[in-house]
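There are structures below to look over.
You will see two complexes here that share chain A, one where it goes with chain B and one where it goes with chain C.
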Partner chain A sequence: MQASSAKIERTRRWRRNASSAFTAIRFLAPAIVVMGVVILFPIINAARLSFFNYELTKPKEIAFNLFKNYAYMVQDKLFWHALKNTVVFTSLTVASGLILGLILALVVYELPRRLHGLRGVLLVPWVIPGIVIGYLFMYMFDVEIGVVNYVFRQIGFIKEFLPWLMRDNLAMIAIIITHVWNQTPFYMLMITAGLMAIPDEAREASFLEGSNRWQEFRFITFPYLQQIVVISSLLMVIRNFNFFPIIFTMTGGGPAYATTTAVLYIYRLAFERFDIGYASAVGTVWVIILIFVSAFYIRTLKERF
Partner chain B sequence: MRTRRNSIPATVIIVAILVVFLVWTLFPIYWMFVTSIKKTVHVFDLPPEIFPSAPTVEHYLELDQGSIKVSIFFMNSVINSIGTVLLAIVLAVLAAYALSRVKFRFRKAVSVGILTTQMFPLVVLLIPLYLLYKNLHLLNTYQGLILAFTSFTLPFSIWMLKGFIDSVPIEVEESAFIDGCSRLQILSKIVLPLIIPGVVATGVFAFLDAWNNLLFPLMLVSKPSMKTLPPGMILAFAGEFKHDWGGMMATSVIVSLPVVVAFVLVQRFLVEGLTRGAVKG
Partner chain C sequence: MRTRTILVSICAALFLLSVVPVFAGGGQEGGVVTIEFVNWVTAEESTRTPVDDIIDDFESKNPDIDVTPVPVGFSDILNQLTVMYNSGDAPDLAQAAGPNITLLTLMGALASADQVFPKDFQNDLVKSAYDLTMVEGTHYGIPWAPGPDGLFYNKDLMRQAGLDPNSPPETIYDFQDQIAKARGPLPEEIVVFGFDTTVRMFGFEMTYPFLRAFGATPFQGDKANFNTPEVKEYMQWMRTSVENKYTLPGKKIGEFRPIAAQGRLAFMIDPSFVKGIVLSINDQLTEEQFNNSWGVTALPGDKNGKHYTYASDHQLCVFEQSKHKDAAAKLAMHLVNSDYALRNYLLKIGYTPATKSALDRVPEFKQDPILKAFVEKVNDTVVKIPYGPDYANIVIPFMAGVQEVITTNKSIDEVLAGVQEQIANIK
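Then we have the complex of A and B:
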């Protein structure tokens, strides 16, 4: 009798597990199929193409060449240049956006409640489409009629109009300013969420103990914000590694290769040089780099939860 | 609660910083709008007019008069974005529920895998995807674009909705389960109504993603009549129209308006969604 009841219990448990595995598959399958077809399958295919000699302009020479693309990459100066550009662009953009977003979040948090609606206004740059931002700032940075040149000259910042998008370092600076304008609201949003999570008691206690404003920030606010700062910066590092539309519209990666980041380099290899094999090789390396950064990001996320 | 009061100098500093930020944030948007209503001759004025002396809507009227019609791009963007929102919500709600509530092996691996796909650069998969779409006859179709947009918006949507479903007390479901409801019934009749803010926020994000996406339609659509707004803009303002700033800014206003309006309408949900979904995991 006992044995059979144990058996029934076991079957029941098995059924429950089986049915939940079945439910999981049924519920997850549609999403996974879509992502598999559009993302996973092409990524694997790109990795395969990276071992081929594959130039659209020379259809007869398509052939397997093992590591030739990768060997070329190691000594391709433009590839290393694009990597350097990506690192410069990303680190400056993330650092500036983070600092401005932090200041903005702290300032708005100090405002009386009825003014918190300002947050909505301050968030708008974040939702404006990249292509629009690209064109808008291209117009504002224009050498002849751009408002940036005009204002800078009026306030004595520059003596004569600068060709922002046509000179190496200036183009990079213009691109970074544009992205910072676009992204600062994101940091503000994340840091505001972090500020709201700080218990009132903590602030109150520090006040009662006579801390000044800086001490309160240094010993109460900042420790609470640390994690959210790390998480949002990591997320934005990954995003900036992949950012495309703004640079594409403003400079197209130019002048020459001055603002060509890794993704722009891949695009230009594929659609200006039509060298699909090599573009895929650079793309594959880039995906591997991103997987490493993402793994780091996910581990940080997990530590928290 | 007793807290610090702002002294007068502190208040002055706060207000000053705020004003600087407001100008920095709003000036480019103002500039876009104001250029779009300036007569073409005044667009090239130096010093530039801060307030237009003779506002005009000519640039808006011209958008539909040339051989390239912005209204067609607009319609295509609307169709593709709404399609993406609907498909993404259905798929993401199902997947998020499974990841949040159903215990199964590899659950962790699946969640991490979904999160990782979010990080993949879109550029890398353009060529293989183009070849695949060519074989499946999905080039120049709404279905093809909606599928592509959906796949890239899914990871974030799933994670955000999972955050919302996690916060629904499981007891609510248990009683329904005992009453003999199936999982799908529980999800649609009990869980879904409780996570409407999350669904709205996710929908808006999916909409923004699809509306703003440049690379997919640039590659997967070659027919001008099927293009969405971002590649449409590139088509419209290339070559001789490169310095048609008035027309360009008018188009920019048209492209931005729907997303800004959608955003303002659901801003409250959005902030809640982000803080719950992204911040709390």
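Then we have the complex of A and C:
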């Protein structure tokens, strides 16, 4: 009798589980199908093409070439140069954006309530599309008509107009400044959310214990913000590794290859040189790198939340 | 049950909506054929209205053809057409320039001219311009608006700089001399000459005649060699020109046109149609003022006085995948040779016509002093660039090298060795 009721219970449980699994599948199916068609299929196809000699201008020479594209990549100086540029661009934009975002969030948080609307204004750069920002700053940094040169000369920083976008070291700086302007509000928003979650009692207690402003920030505020800082930075590392519009519009990767990042290099290979096979190989390696960064991000997310 | 019925109905409706156009005959409605025309002229402010007007004129005369212009920027047109063709969504007709027709033909994208254009129309085309669309002995497009580059010189600024406007530079060495002399007396806001130094195929097209003027012949059969003393001399000149502020680095040629329209450019390297563009940018400037201020001559020649130029002709090509090749060819012929297009676009903007008969039908072409100078001094100096399947692989690294020279202090020898290494490593 007891064995029979246990069996019934097991069957019920199995049916319940099966039913909820089926519901989950039904809800997830459209998203999985769309992701499969729009994201997974192109990735798999690109990985397949990376094993081919596939140049659009030489359709008769399209052939399977196993690892030749990958072997070429190893000795391709431009690939390594683009990789280096990506790391420099990503690390500097994330670090600068984070510090500025933190400062802005703290300053705005301390402002009187009636000035909190300022947050909305400060968010504007974040909502402007990258292409528009790229064009805007391209003209601002223009050697001839750019306002940046004009202002710098007026205040005595420079004696003559600088070719910001046409000097290898200056071009990267100009792009980083532009990108930081664009993404700082994101950090500000995230950190502000973190600041609002800090219990007033904790801060008050710290002041009552005799902490000064810096000590309160160092030992109370910052530890509360740490998780948000880590998560938002990692998110932006992934985003900036793939960043395209601002660089493309401002410099197109130039002068020469001074601001060519990996995604721009892939674009140039595919749409300027029409070497789809090699572009796919570089793209595949890039996906693998990003999978590692994303895995690290997801792991951190799981551990901390 | 009811929910399921609703869902099935929605799916069926969506299916029908997606399938109906397929069976409607790919854009054919009630006998009207719809053709897609990818071009950059309807993307540009100065040419959009006149070209839209020609299309309207064409549609009114051909009520069975509906034209959908697809504006794409000049720099993006080749990659857009490449993507469209390779995804099986090629347009019917497209505008092209430089290596576009060669590269699209090598991809197998284009229909040959013999396939789509009548013989008498082909015979009427100006041969030198028509032959620029030839790939391995077959024409794959037609010229629309021939545009070899000439040297425009601003006579007022030449006088201001102490130069004789009746003696424009004959050789590259005269040119070097004149731009160096002009920099001093001219105010800082005046740009001495405009030059395209962008890393794109078009940047190279503009560079090529100047390389030839320095005696460089980088293409020898299947090989390309840029590591030569002549190319080095060219690179040194570019570096000096940027360092001494004769020109602005990294600009597209189109970015110098507004400067010309403001009267701040002394020498301009551009096709004849630049007049129309400059006039459209500055509506205070009259055609007469332009003709008085600007003179035209051939691009600076080599030490022997031989001139070279590149023809940035606007061309038209019909796609092999097009289901309406006849309609596309009809539109192409209307754009090239109809009286409406000749008078309201080609003459107005300042192109020379692509057909021989046009000169008789529209005699005003012979009266324009700029066009006259092009016919007399420039058109015969065109040299064809040997485009091939590795063209982009060769010229993009070279143009990146040019930018390296004008934006860094790296030695020119090192830059040229690097360029040559990249070319040698083409897969």
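What we mean here is this: the second predicted complex is superposed on the first by the 301 of 305 C-alpha atoms of A that agree within 3 Å, B and C clash if a C-alpha of one lies under 4 Å from a C-alpha of the other, contacts with A are read in each partner's own complex, and residues count from 1 in each chain.
Please note the rule applied: a contact is a pair of C-beta atoms (placed from the backbone, for glycine too) under 8 Å apart; a residue touches a chain by one contact, two chains touch by 3 or more.
Owing to the predicted nature of the structure, the values given are computational and were not obtained by experimental measurement.
Touch criterion met: A:143 reaches chain C, while chain B stays clear of it. In the superposition on chain A, contact of A:104 is made with chain B only, not with chain C.
Contacts of A:196 after superposition: chain B is touched, whereas chain C is not reached.
By the document's definition of touching, neither partner reaches A:89: not chain B, not chain C. Set against each other, chain B and chain C differ in how many residues of chain A they touch, and the higher count belongs to B. Of the two partner chains placed by superposition, A:164 touches none, neither chain B nor chain C.
In the superposed model, A:52 makes contact with neither chain B nor chain C.
Across the superposed pair, chain B and chain C both touch chain A at residues 144. The part of chain B that touches chain A in the complex is made up of residues 1-4, 6, 10, 14, 17-18, 21-22, 24-26, 28-29, 31-32, 35, 43-48, 87, 90-92, 94-95, 97-99, 102-105, 107, 110, 112, 114-117, 119-129, 131-132, 147-148, 150-152, 154-155, 158, 183, 208, 211-212, 214-215, 229-230, 233-234, 237, 245, 248-249, 252, 255-256, 259-260, 263-264, 267, 271, 274-275, 278-281. Across the complex, chain B is touched by residues 20-21, 23-24, 27-28, 30-32, 34-35, 37-43, 45-46, 49, 100, 103-104, 107-108, 110-111, 118-125, 127-132, 135-137, 139-140, 144-145, 147, 150, 181, 185, 189-190, 192-194, 196-197, 200, 203-204, 207-208, 213, 216, 228, 231, 238, 241-242, 244-245, 248-249, 262-263, 266-267, 270, 276, 279-280, 283-284, 286-287, 290-291, 293-295, 297-298, 301, 304-305 of chain A. Touching chain C in their complex are the following residues of chain A: 53, 55-59, 68, 72, 75-76, 78, 143-144, 163, 165-168, 171, 252-258, 268, 271-275, 278. Contact residues on chain C toward chain A in their complex (touch as defined above): 79, 82-83, 86, 103, 106-108, 191, 198-201, 248-250, 259, 389-393, 396, 400-401, 403-404, 406-408, 422, 425, 427.
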